[in-house]
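Two complexes follow with subunit A in common, the first pairing it with subunit B and the second with subunit C.
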Partner chain A sequence: MTEYTVKTHGLTKQFGTKIALNALDLQIEKGGIHALIGSNGAGKSTLFRILLGFETPTSGSSTLLDIDSQALTPEMRGKIGYVNEEHTLPNWMNAASLTKMQKKLYPLWNQNVYDNVIENFDVAPDQKIAGLSRGERAGLNLATALAQSPELLILDEPTLGLDVVAKQAFLEALLFIGTENESTIIYCSHQMEEIERVADSLIILERGEVKNQSTPDDFCERIQYWIANFYGKAPDINDIKAALSVKNIEGQTHIICLDQQIGYREYLASIGASDAVEVPINLDNAVNAFLAKNHKRSQSKLIVGA
Partner chain B sequence: MFELFKAEFNRYKKYAMGIFVILMGFLIFLNRIMPLLEFDTEYQFIQVCLFGALFGIVQFALLKRKNSWTYLIHRPMSEFKIHTALVAAGVLIVFIAAVLPFLIMVISIDIVSSVGDYRHYVYCLNILMLAMVSYFIGSYVVLSPNWGALLMFPMVLYMHVSVPNSIGLSLTTDMVILVAVYYLSARSFKANANKHLTKKSEMIVAVLMMNLSLSVLVFLSQVLIYHMPLYIMGTHPDINVVKDSYQSLWDMSEKEQIRYIIDQSNLEKYSETEQLLARVKEKSGDSISASVEITPFRGQLYNKDLQNYLIDAHLGIKWTFSHDEMLLIGQHMKNGRMMGYLGKTGFVDRISEQDRFDVVPTFKSNRFIKTDDEIYFVKFDEVKLGLIFQLPEGEKFMTKLEYKLKDLFVAVSSNKSLYLFDSVNFTNEQILAVPSHIINHPNSLGRKYFLNYINLTDGRLFNYRSESYFGINKAGANLIVANNDGSVDYIAEMQFAKNRYPDWVEYMFYWISPIVNGSLFSIIDGLYEPHDIRYVQIDNFWEIKLPRNVVSLGIIFLIFSSVITYWMAGKIEISKSGRYFWTIMALIFGLPGLVSFFLLNHWLEYIRRGRVLNH
Partner chain C sequence: MTKIVALALQIVPGDARPIFRQIVDGIREDIANGKLPVGSKLPSVRGLAMQLTVNANTIAKAYNELVCQGLLESHKGLGMFIAKPTQLLSDEAQENCLKAAIASFNNAVMYLDYSAEEMTEQLLNELKKLNRD
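After this line comes the complex of A and B, so read on.
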């Protein structure tokens, strides 16, 4: 039987007139790295806040490690690591005093993990946290979070604002822990190359609903990239079946579409396209097109609504 | 938990030490100007409360930033332990920055002073409590999802200004308020900081702590709904004095007042009005203090009787009253040498039990020592203390001793009579002073009244007047003549036929909350401040007879508050027992209870959500 670390059922959160989560049904399996993506305002942070018990859902329910997320005990919190995009740490302490405090707090503290992760970053024990660079701070935060030996680690845009070197070190540390123990990691990011590299599954959240939950490869399978020629003006995106994105690049029409594995070449020919060629698509382009289409749809809905 | 406490303390310790140094410097400077323990402590009240409140707000506002909050709460530690660690650090910071400098100064002063009463340290405890209450309210303001928490700050003022008649009651009250605000702060410290308190005990404490401010705010609403509109229209009773009201006296000359009171008198008609008017020396009168003197009690906070000393200027000795010893201790002002004791038997070198005063006396003009029922006169040049007046059994002084130098008399009131003395003979310590007149106070007079006099060609005309002369909100006035031959004539006594404001304005404090404000609050207030008659006191509570329309108004608004609460509670997601609970609260607390319901529940969110769902 499949074990789940996260389960939500009909989870809804409304802020005034805005619906952040819309009857969300989500199940995340135990183990592996699960990437959670979505455009700004898709409901990712709200979901995390509800899962960690910092917000009450308007309706519906959610569990973390089979415990109601609104009733997390201190013991349960000890099993769940959380790293936010700001890498919030006590600025007035130094690295050594922080780790000393965390060691006392977390009974499963793993010094080896801490040492292995922190060596990727240039953080001296007596260095004041306020004086760390963003990358070093991220490293220290990740090292302490991983050393707690969490069953579940939630990373909310942890590489935001990091330079290439820091990002590289961060991902290596993450991969290290991925192979080292059986933690489940939920990784929220806008960086597709990171997700492509580390994620075992890809969850796309849009307007408070799950739009995709599969492996990254399976998601890419759903998206097709066609280049075709149209005589005269290419049809509008709304007039092309299943199109997520239509662009005119150097006289050629680039079409990204969803779930059209069979017969799409013929369809394009039927609407006036010639020389249609399907080319491979990377995760970045696929996700961007997927999100952009949904975003435009929500905007157009808003305009219609207004 | 200790690690978190240490981390939080380390976060602010440098700031605390900085403030500590600045405050020490300031206190040393003050002590150079004047002995520190004689300074008015208002500055200290403001300092400790402001620091406590601001620190509570800043500390928790920094912690409550979204990501900081998540970082803080999401750890294997209960919310209670996290809160305990944080507030323990916070209280220590408040103590170091706001209280410790003063405590160090007091210890240093007491070491070299002749009077080192333990009450100096009780005061330090008191300001620590004030600082802590302010701190916890500050933290609660941040932790609570509603701004109603701000309404608890006046509780600090209440702790400060109220004058309970025992130190035990004072500290107990402070402790009760401290426990209440700590409880609210601790209970509102939860992962989901947007959630209101849900337990009934929490809500009861929150409502109780807000009730004072809410009652005052609801009461003040009469400015908007009554006073301002009438002022704008030019029909307000303050600018169009209501005929036959207490305030109508203000518009009359002295002679008109006399004629009016005699004409309206309930007593047998005075037949010599014109002769009396002819005896009046116009504009020669004055008022006599009628406000109840708040007498000190043993062990009370030292700041409530700062000037509790006499000075022998000739020998340079300061005689300070010691609450621990219950007599005055002399200390040379220059060399600090002990110069003996001054007890009720006079100047002595060694203390015996009979020297000690039974109560803490008050001092007047560096010459008089007044106890509950005795007045002593001190003659430093003759090293002598003499008893010059003693009240009859069962009487107690209520006002301070007042010298009317211009008119050559001395006045002091007991709980039964006004005593007048010839000022020339008053300090003749060879014999007990004999009052020139004893005027009995009117029987029904409340303790808040005015007493004026006008000089006559052959005596003085006294006029008692009060808005509660015949009981609560039953204004009245009288006229009494003290003749030069020592006789006293009771001329007239009247009750004013009308009140300045309509009953609903006059009695608003009662009808907005008939049960709590109209009874419970009055009883507590009466117990707590027996000296201060502002509303109803315990001893005359049962005498209140509210006008029938005010009683009806009270009942109507109780029903209104509870019906609205019941209806509104049904609109929001609240349990059945919660709905009944709030309805009962509205029934008990009246309009302030209704406002509390709106402040402590997410009703607005439900209305907005309802609109979206309906849409």
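After this line comes the complex of A and C, so read on.
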């Protein structure tokens, strides 16, 4: 029924003079895995707190599963799962008593999903949660979260600190079991390799605004990497059109730019570059360049302000 | 039922090519070196997604591209198969493709200690494996 799991309209949140969310218009479709990324302070946590009704916006509105965030009932909150890097679980219980409790709390509890996910991790039913390794806790946490059959599952850096085996098991469980019950998954992570593998869409949040919402591949196509020779002095980053980053490496100028699919070679020639060559760029570097640009800008603003 | 072939694909983290491109290139390579003969049945989209731990939409995108390139054909209800070679490129595009391939071949062999004749002989043997009449 719900076309969009998340919808915000002009959502603004101000803390003193700091604008955490700036008239944010975000729509997240139902179903699929949506990666949400942004530098620290981009507004992710504020967004979640408002969406879940733990914080009121300064202005604007938001809905979660078609319900106004400010009017979410406990019953609605039961349809939302949340997993963060802490993997907070009741340490005094064992896995079996935890699932027994969950079954009572969640009417849509799906034991099949739980069994299939937990199978990927080495967790025995009688094992005390306090004694589990980080990877096992993550597995148990994901298994319980997915088995609740949430309509929306928010994963906040869920694989942080996991070893390669646990990470692989986590991603497999997420991709092939989680998606069976048509949950919408919002995946916050800084691990681009994971995002490239699992995400249907890549949402980039920056200074409280949405700066990109597309597939990871389509985002990558927005970013171009050029290597050119400026004999004499290379121009300043602010004098190069659409440049996100400019580096000088052994006399050559490496330029990463945004949305310049056509005519950039000619443009570079017109500002004095010769032998410009375009080289491929991976998602990790593309996202880095994209985020780094505004990092610097906001820093220089701070200095001016001070 | 036709048996599914095992695809020896590897996704390289940090590769500048997007994942779907790595899959397209990998399958093309295996077709070229004879590991995937005409008529081979490929894993399903979901099957390959599970093998590689990759979103199924990415696999679907790679398969679609290979279908557009004429290398794969989808048989409704049966799956995805390696297609008979057909020429979909214009004469000019074909010529450019060949030139690019020769340039990259030259690039790879330029410092090897083989005579042109020795290399041609081996190359000819490989080309014969492509099964062209």
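A few comments on the model shown:
Here, the second predicted complex is superposed on the first by the 299 of 306 C-alpha atoms of A that agree within 3 Å, B and C clash if a C-alpha of one lies under 4 Å from a C-alpha of the other, contacts with A are read in each partner's own complex, and residues count from 1 in each chain.
As a convention for this text, a residue touches a chain if its C-beta (ideal position, glycine included) is under 8 Å from a C-beta of that chain, and two chains touch if they have at least 3 such contacts.
Predicted, not measured: the structure shown is a model, and the values here were computed from it.
Bringing the complexes onto one copy of subunit A puts subunit B beside subunit C with no clash. By the document's definition of touching, neither partner reaches A:L153: not subunit B, not subunit C. Of the two partner chains, subunit C is the only one touched by A:E196; subunit B is not. Seen from the Cα centre of subunit A, subunit B and subunit C lie 160° apart once the structures are superposed, a value rounded to the nearest 10.
Counting the residues of subunit A that each partner touches, subunit B and subunit C differ, and the larger count belongs to B.
Once the two complexes are overlaid on the shared chain, A:P280 sits against subunit C while remaining clear of subunit B.
When both complexes are overlaid on chain A, the residue A:L171 reaches subunit C alone and has no touch with subunit B.
Of the two partner chains, subunit B is the only one that A:Q14 touches; subunit C does not reach it.
In the superposition on chain A, contact is made by A:P74 with subunit B only, not with subunit C. Using the contact criterion defined above for the overlaid structures, shared-chain residue A:L26 touches neither subunit B nor subunit C, since it reaches no partner.
Of the two partner chains placed by superposition, only subunit B is touched by A:T58; subunit C is not.
When the two structures are aligned on their common chain, the gap between the nearest CA atoms of subunit B and subunit C comes to 28 Å.
Across the superposed pair, subunit B and subunit C touch subunit A at no common residue. Note for the complex: subunit A touches subunit C at residues 33, 168, 171-172, 175-176, 193, 196-200, 215-217, 220, 279-284.
Here subunit C touches subunit A in the complex through residues 11, 13-20, 46, 49-50, 53-58, 61, going by the rule given at the top. Of all residues in subunit B, only 3-4, 7, 10-11, 67-71, 73-78, 191-195, 605, 608-609, 611-612 touch subunit A in the complex they form. Every residue of subunit A that touches subunit B in the complex is listed here, in rising order: 14, 16-17, 19, 49, 52-56, 58, 70, 72, 74-75, 77-78, 80, 82, 84-86, 88-90, 92-93, 97, 100-101, 104-107.
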